[in-house]
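The same subunit A turns up in both complexes below, where it pairs with subunit B and then with subunit C.
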Partner chain A sequence: MNNRLKVLRAERDWSQAELAIHLDVSRQAVNAIETGKHDPSLPLAFRIARLFDMPIEEIFHDEA
Partner chain B sequence: MTKPDRQTDEDAFDVKRYFRHLIGWSVLLSFALIGGVLVFFAVRQFLTSGGTPNLLIALIGTPLMVLTGYYLYRTMPDFTMGEPNTKRGNRSRSIMVAVVLVGLAIGFPIITADSEQGGALLWSNGPIPATAALAALLIWAAALPILHFAGRHYGDEHTVGVHDFSMMVAGSLFYYLAPIWWIGWRGGFFPQPDVMVLFVIALIAATVANYWKRFA
Partner chain C sequence: MSYDPKVPGEFERSRAYNLQWLGLPAALLWLGFEILLASGLVGDAARDFVYLPAIFAAGSLVWPLGSLSDSDEFIQRQHLVAASWGMAISGLIAFVYVFPSLHRFLPEIDATLSFAVVAVTFNAALVTSRLRAG
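Coming up: the complex of A and B.
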């Protein structure tokens, strides 16, 4: 699954560690999501959407 | 902090460099501990019998312990591994420390029995005194479920996912190998199955799978 997390983070001038603090996850988790190695659960995806004040489908895109 | 500064800050965390540093630091720690053991034995022997050979050991052990210890203190790695200092993260790292302490606590009764018997009990597969075995297995039996529960509770979903993956790899390997070895033994092809050999194989597989999932 592709996502715009890295772009959204850069727009806010946040490091991976800062985004990790906002989401209450590890920096490794943020890195894994950004690089597409880990697809977040629905609860975490909703937390990300709320943090950036965007609908989930504007952040995450199905590869198909 | 400006944007390029943040980028540099983020890029500065290099996993391979971190682990090289950590391994080097651990090797030096071993030297410092060896120095500490030498000093301990030298002082004990000096107090009981005295003499120059004991002082010679102390002269080697003391600088080894003090100088290496000071260098280790000055170059102590950042055990956060680039992670932010959050409550959850700190609790998760505390569990790793607890795992190491439990390992030492399990080894301690066996090492104590070892020093009394003058054998190599810790790394052998032979019988050990019942009291040492009982102490070690009670610590393991009590601590492992708590550590397992706490690890899952304080780990984030990525950490738990990596752990689940590594356990799946280790479990699958065990399910695959154990019947082969057992049936092979009954058929006369292999020696009698050894549960600890299978445990170590599963442990190595879990560790490799964990690191592969995290860093590959």
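Coming up: the complex of A and C.
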């Protein structure tokens, strides 16, 4: 699954650690999501969407 | 979200994540020592030298249970992969213990050596999972 997390984070000038604090996860989790190595659970995807005030489908894109 | 001092923050989670990298070298040291002990190359008195790595490696097996509610889903998934491998090896060792006929084909496995093998398997799977996740 592709996502725009890195772009959205950069727009706010946040580090991965800062985003991790906002999402209540580890920095390693943010890095894995950004690089597409980890697909977040639905609750975490909702937290991300709420944080950036965007619908989930505008952040995450199915590769299919 | 209200502040809860008991809930680990990003710093604590990252520190715990990084600390777990030490699990594999500790488990390898432990296993290496147990093999040397089983082969008679070192005496039981030398166990003091591997005491700390063995404690750390044994603790690495307990850690995932203790951090179930504290770690995030990314870390929990890695623990799940590592625990699955560790359990699978435990099952294979149990087969050897359960079926006496297998003893003819395999060397006698000491219980401590078995735990060291499980610890190496668990930590190797954890490291592999982490390296794959970049």
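Please note the rule applied: the second predicted complex is superposed on the first by the 64 of 64 C-alpha atoms of A that agree within 3 Å, B and C clash if a C-alpha of one lies under 4 Å from a C-alpha of the other, contacts with A are read in each partner's own complex, and residues count from 1 in each chain.
By our rule, a contact is a pair of C-beta atoms (placed from the backbone, for glycine too) under 8 Å apart; a residue touches a chain by one contact, two chains touch by 3 or more.
Note that the structure is predicted; figures quoted are calculated from it, not measured.
With the C-alpha superposition on subunit A as described, subunit C and subunit B clash in the combined arrangement. Once the two complexes are laid over each other on the shared chain, residue contacts for A:13 go to subunit B alone; subunit C is not touched.
By the document's definition of touching, both partners, subunit B and subunit C, reach A:27. Of the two partner chains placed around the shared chain by superposition, neither subunit B nor subunit C is touched by A:4.
When the two complexes are overlaid on their common chain A, residue A:35 makes contact with subunit C while staying clear of subunit B.
Superposing the two complexes on chain A places one of the subunit B stretches 57-65, 129-137 or 147-155 into subunit C: stretch 147-155. The interface of subunit A with subunit B overlaps its interface with subunit C at residues 17, 20-21, 24-29, 32-33, 38, 40-41, 44.
Listed in rising order, the residues of subunit A touching subunit C in the complex are 17, 20-21, 24-29, 31-33, 35, 37-38, 40-41, 44. Taken in their complex, subunit C has these residues touching subunit A: 1, 7, 9-10, 13-14, 17, 71-75, 77, 132-134. Here subunit B touches subunit A in the complex through residues 3, 6, 9-10, 82-84, 86, 88-89, 92, 156-159, 161, 214, going by the rule given at the top. On the subunit A side of its complex with subunit B, the touching residues are 10, 13-18, 20-21, 24-29, 32-33, 38, 40-41, 44.
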